[in-house]
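One structure is given below, represented as structure tokens, and several questions about it will come after.
Chain lettering (A, B, C and D) follows the sequence in which the chains are written, and residue indices restart at 1 in each chain.
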Amino acid sequence: MARLPVAVLGATGAVGQRFIQLLAEHPQFEAAHLVGDATAGRPYGDVVWRLDVPMPEAVRRQPVLALKDLERAPPGIAFSGLPGGVAGPVETRLAQLGWKVFTNARDHRMDADVPLVIPEVNADHLALVARQHGPGWIAANGNCTAILLTLALAPLHRAFGLDDVHVTSLQALSGAGYPGVPASDIVGNVLTFIEGEEEKVEREPCKTLGTLGPEGVRPAPIPIHATCTRANVPEGHTESVHVRLSRKASLADVREALSGFRGPDVVRGLHSAPKAPLQVLDAPDRPQPRWDAMLGGGMSVAVGRLRLDADGRGLRFVLLGSNTIRGAAGASVLNAELAFATGLL
Amino acid sequence: MARLPVAVLGATGAVGQRFIQLLAEHPQFEAAHLVGDATAGRPYGDVVWRLDVPMPEAVRRQPVLALKDLERAPPGIAFSGLPGGVAGPVETRLAQLGWKVFTNARDHRMDADVPLVIPEVNADHLALVARQHGPGWIAANGNCTAILLTLALAPLHRAFGLDDVHVTSLQALSGAGYPGVPASDIVGNVLTFIEGEEEKVEREPCKTLGTLGPEGVRPAPIPIHATCTRANVPEGHTESVHVRLSRKASLADVREALSGFRGPDVVRGLHSAPKAPLQVLDAPDRPQPRWDAMLGGGMSVAVGRLRLDADGRGLRFVLLGSNTIRGAAGASVLNAELAFATGLL
Amino acid sequence: MARLPVAVLGATGAVGQRFIQLLAEHPQFEAAHLVGDATAGRPYGDVVWRLDVPMPEAVRRQPVLALKDLERAPPGIAFSGLPGGVAGPVETRLAQLGWKVFTNARDHRMDADVPLVIPEVNADHLALVARQHGPGWIAANGNCTAILLTLALAPLHRAFGLDDVHVTSLQALSGAGYPGVPASDIVGNVLTFIEGEEEKVEREPCKTLGTLGPEGVRPAPIPIHATCTRANVPEGHTESVHVRLSRKASLADVREALSGFRGPDVVRGLHSAPKAPLQVLDAPDRPQPRWDAMLGGGMSVAVGRLRLDADGRGLRFVLLGSNTIRGAAGASVLNAELAFATGLL
Amino acid sequence: MARLPVAVLGATGAVGQRFIQLLAEHPQFEAAHLVGDATAGRPYGDVVWRLDVPMPEAVRRQPVLALKDLERAPPGIAFSGLPGGVAGPVETRLAQLGWKVFTNARDHRMDADVPLVIPEVNADHLALVARQHGPGWIAANGNCTAILLTLALAPLHRAFGLDDVHVTSLQALSGAGYPGVPASDIVGNVLTFIEGEEEKVEREPCKTLGTLGPEGVRPAPIPIHATCTRANVPEGHTESVHVRLSRKASLADVREALSGFRGPDVVRGLHSAPKAPLQVLDAPDRPQPRWDAMLGGGMSVAVGRLRLDADGRGLRFVLLGSNTIRGAAGASVLNAELAFATGLL
């Protein structure tokens, strides 16, 4: 079966390279249009490739396109790895031209008619795209730290309710894009502030965990309190999560809710969907980013260090996931696979 | 005035070297007996010195003593930089011989008649040593992460009350002693577990913030929930702290309570007491361990990123301090200065 | 065809784990006896596994043996990942018992009748084992830094002669074993001394590049001058190499000699032999350990930054290779494959 | 005595900040004009300060000037911390206006009538400024790696002659300016290429070590071969140096030549001149950048690991120095002090 040609916006950047990598052997999508204004006209093989897997051969001779080239092409499917601020107007315009845009950028995430989707959590929200005023539409995935957190909160929210969530992240360098953090700022150091990050982590999970009704998404009323930091780690966001469950649970209940978490049937069969969205690690000192960021091909979130208070409601754990795969490019691709499987493409 | 000769137990280790450094120019105490069983008999100058300030000249030719040598000497004042587990019985025996022991080790911290002292917070607890069955006694300082946290909680506890505390630490390598963490375990990584640490951080501040009565110390009833991690940072523990105040406050109130925090008069004049135990940093991205760990000569705790919820009770901040000075050797020395100033030595 | 059962000495250590990994899917050898005195009696699955690929399932339930257990078994083939100093007498005794020992340890490398083999370079030296006084024998591979260097020197030595070699290494943490270098010694630092390393780098290549005659190996008379340092890199030794060729060459000649370098026919077909022992990288800023250490499955050496003086004799380049695979466990395994292919096993 | 007002070009950059720091308490010079086009008009206190010592109070309220502001002022003394490429024409123009420029930039270093000065080595070369066509002039210091190397070569060159020099540098992050190297490029890695660096290291020492005659500087005929790399170190360039002496020496001779090296009398009294330009460290594992970069206030070069071949001519050692002080800002300041002491200012 022929693969659907797709465009990658920001194809030469950090997230764009992950898109290229994930699409290289994808069964349904083919990276046909590589858009990158700064290097437009040159072959993609000239781009400095910064992933630890080789650049796929297929893209080496493809030309990098300017955005205006894309706008002249017949509309189709686009993945957006554009930076926040830049992405918004571009994505809006492409949707107006008929493109179906799967975006990793922050700009439209909280728009009322843009679904903020994690297929295992809220596949039904994708229907929200029908309320956009076509001909195309935008579907978003969340911030990297927020996605990983939301995946872990989802089964707890369903099974026990969540009265309160405190999270402190130790985020990886790759999350800052490229060139990102200067080395002289982080060697032997921790950065204790990431602009705009905490707001996203506190708001986005509530939208994804919310319920879709006639008036749109009603956010889940979960108070989330976040402190976001950056550590000298190349890949993999670590999060220390302290929650208060609404209803008592045993440690076995919690473990089962997390490790048994699965998306709906339609999601389980998707190409990029990991067998287990959450993998509970029982070793006392795991997860750690160097060893555990790539579980499930970078699409699983590792959860460990489960500690439950004697009252059965105070729960603490550490989670970890790939910020550039599950937290960015892989998230958009999984959303597109869901759209494909449900007939939206 | 002649300085009082003191013994340093574990003088060659990571904490012991800080003791040597801090005592080198101390007005009241002189490191007269350097105890280190493993290298006993050799001059202290043969020890591999691992601080970024040079070894004080005065100790280079002093011989390293075995513990049994010390036990034969007339009792006096001792600082204990011994490792937990080893320290307990040694300190007990020295106290029985008449020594006044200021210990950084964990073993006796929670003993009912051993004060767990931070002079600015609970100078009065030091009186507890009188209840030990002499002739000597033991006074303890807390775990490094706990001390830094307690200093920041103290003024909040007093001014507004504390209903709940969540803390996630990003601790430095020096806190693991030497050799401590293997480099291949931490390069590009974060360790998400430190054995025994969270228990200390959850319990010790309550004792230090507690009230001393006829039956001993009644711990402050503050629920503390901790996750402790280690980052690739040489010195300076960072802590992300989320608290719920019992009473509403404004951000200005909170800032004032923290930055205006001072110990009692007797403490302010002590040699090692910093002018401000807490320094509030207003730059949006501070504190950071590389730049801020040594404020107040390593005896101040930096506090930044103050964020208060609209309800005036949910407060979040980041604190940072030197784990080997304020969090270890400097803590013991300050306790000894307090004892000296109050006539206990 | 049934695989030959082999013993791994020091099976739980850093090199031993690489042996286990490389043997897991090996066509000729099977890790049948896992020897590790310190954990003897426990299942291998209890060992803390420190590689970034999972522990092979097959070994999880195998018991770790004590050396004396092995000595009671019928002799066969052994790979030695024992530490230098410990390895020597153990290997001697096993050879006396009839074992054929492929060792990575330093102890016997310079023994007159022990071949120091890199199959692509001196496959013929393996015959030297016949001069040992049986019934078993020992075949050695070199020090990690020396092996990588020797591979790059070999084609230059043959094609142009070598009047002089200066090498400065920037070695990886994994080369120090586990626990190896304390993190607090290397964060933001470089170690400028590695005990015993320079001597090996200066002597071993001459033996491997030497000629085997009736009186043994006559070392190649190449003056090698080495400075060895350690950088904060998890895997992959980098070497800056400056050589003086005996005969003039063009840059194209040099490039061709390096990239066209192949071992003898018998070696090319070996399971672990990479297609190209040396891979010349033309990007101006490569090789780099993070990206290039695992070329050819960790068995190729990357060479880049070729610079030739106008006189056609002064040549400078940077090489890089996996110190734990090509430089240790993989080297021993390749030697055993050569022995198998040439009928010595 | 009133201090001479000086201008700092590029005052907000990495080298500029070191100038500000070194001039803060300088007896002869005062940073009166802080030039930084990008932030002109704002107070210097608004600049993000990136040194580990606090910003001097005196400059906080000084306004940052644009270059054109400076050009309208009466000419005086200027220190140039401008980036290479930018610096050249600016410095030429200022000299034409009558300024005496001490530059750290590469642009004019190899100009025939610009002295390339290290006061301890070639104080006499400073006279070369008289051959510039006034009214002002330019005096340069070398590249950071070249300066450190030249200091160590100078006494060897004088005492024994140098037939050949091979150097491999492991350079610090601060040498790349700010923002410099992206953290994701260097974590767990070494960069094996620094553009333009090797050429400077191979040429500049020959000019500084050359002899000044009527036709200008005749470079010392020392063949230098360099490979330059960058390691994950915040400050302090390490260099592995292999030299061939022209005349036989003993190790004691070499040690004495290095440690006894002093500049001419006029230099010894300069404010920034360290007591010993070269400090020989005898510990087997020193120097190391974390501990030894700041000897002599960052103006001494540490030399260690002296190894001499049996032939008395092949010598190897490791040197280390502060790349931003002795290798940059401190070098310019010392040159200005020399000019002041010799009546050129």
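By definition in this document, contacts are C-beta pairs under 8 Å (C-beta built on N, C-alpha and C of every residue); 3 or more make two chains touch, one makes a residue touch a chain.
Only a predicted model underlies this, so the values are computations on that prediction, with no experimental measurement involved.
A.B. asks: Compare the contact pairs of A-B with each of B-C, B-D or C-D and report the one sharing over half of them by residue number.
C.D. replies: Duplicate interface of A-B: C-D.
A.B. asks: Applying the document's contact definition, name the chain pair with more C-beta pairs in contact, A-C or A-D.
C.D. replies: A-D
A.B. asks: Could you please state the distance in Å, as a whole number, between where the Cα atoms of chain A are centred and where those of chain C are centred?
C.D. replies: One centre to the other, that is 42 Å.
A.B. asks: In angstrom, rounded to a whole number, how far apart do the mean CA points of chain A and chain D lie?
C.D. replies: 48
A.B. asks: Which residues does chain D have that touch at least 2 chains other than itself?
C.D. replies: Residue numbers touching two or more other chains: 187-188, 232-234, 290-291.
A.B. asks: Which part of chain A faces chain D closely enough to touch in the complex?
C.D. replies: Those residues of chain A that touch chain D are 50, 173-174, 176, 178-188, 232-234.
A.B. asks: Report the residues of chain D in contact with chain B in the complex, numbered from low to high.
C.D. replies: 52, 187-188, 290-291
A.B. asks: Using the touch rule from the top, collect the residues of chain D that touch chain C in their complex.
C.D. replies: So the residues of chain D in touch with chain C come to 166, 168, 170, 187-193, 198, 225, 227, 229, 231-234, 238, 240, 242, 284-291, 304-305, 307, 309, 314, 316, 318, 320.
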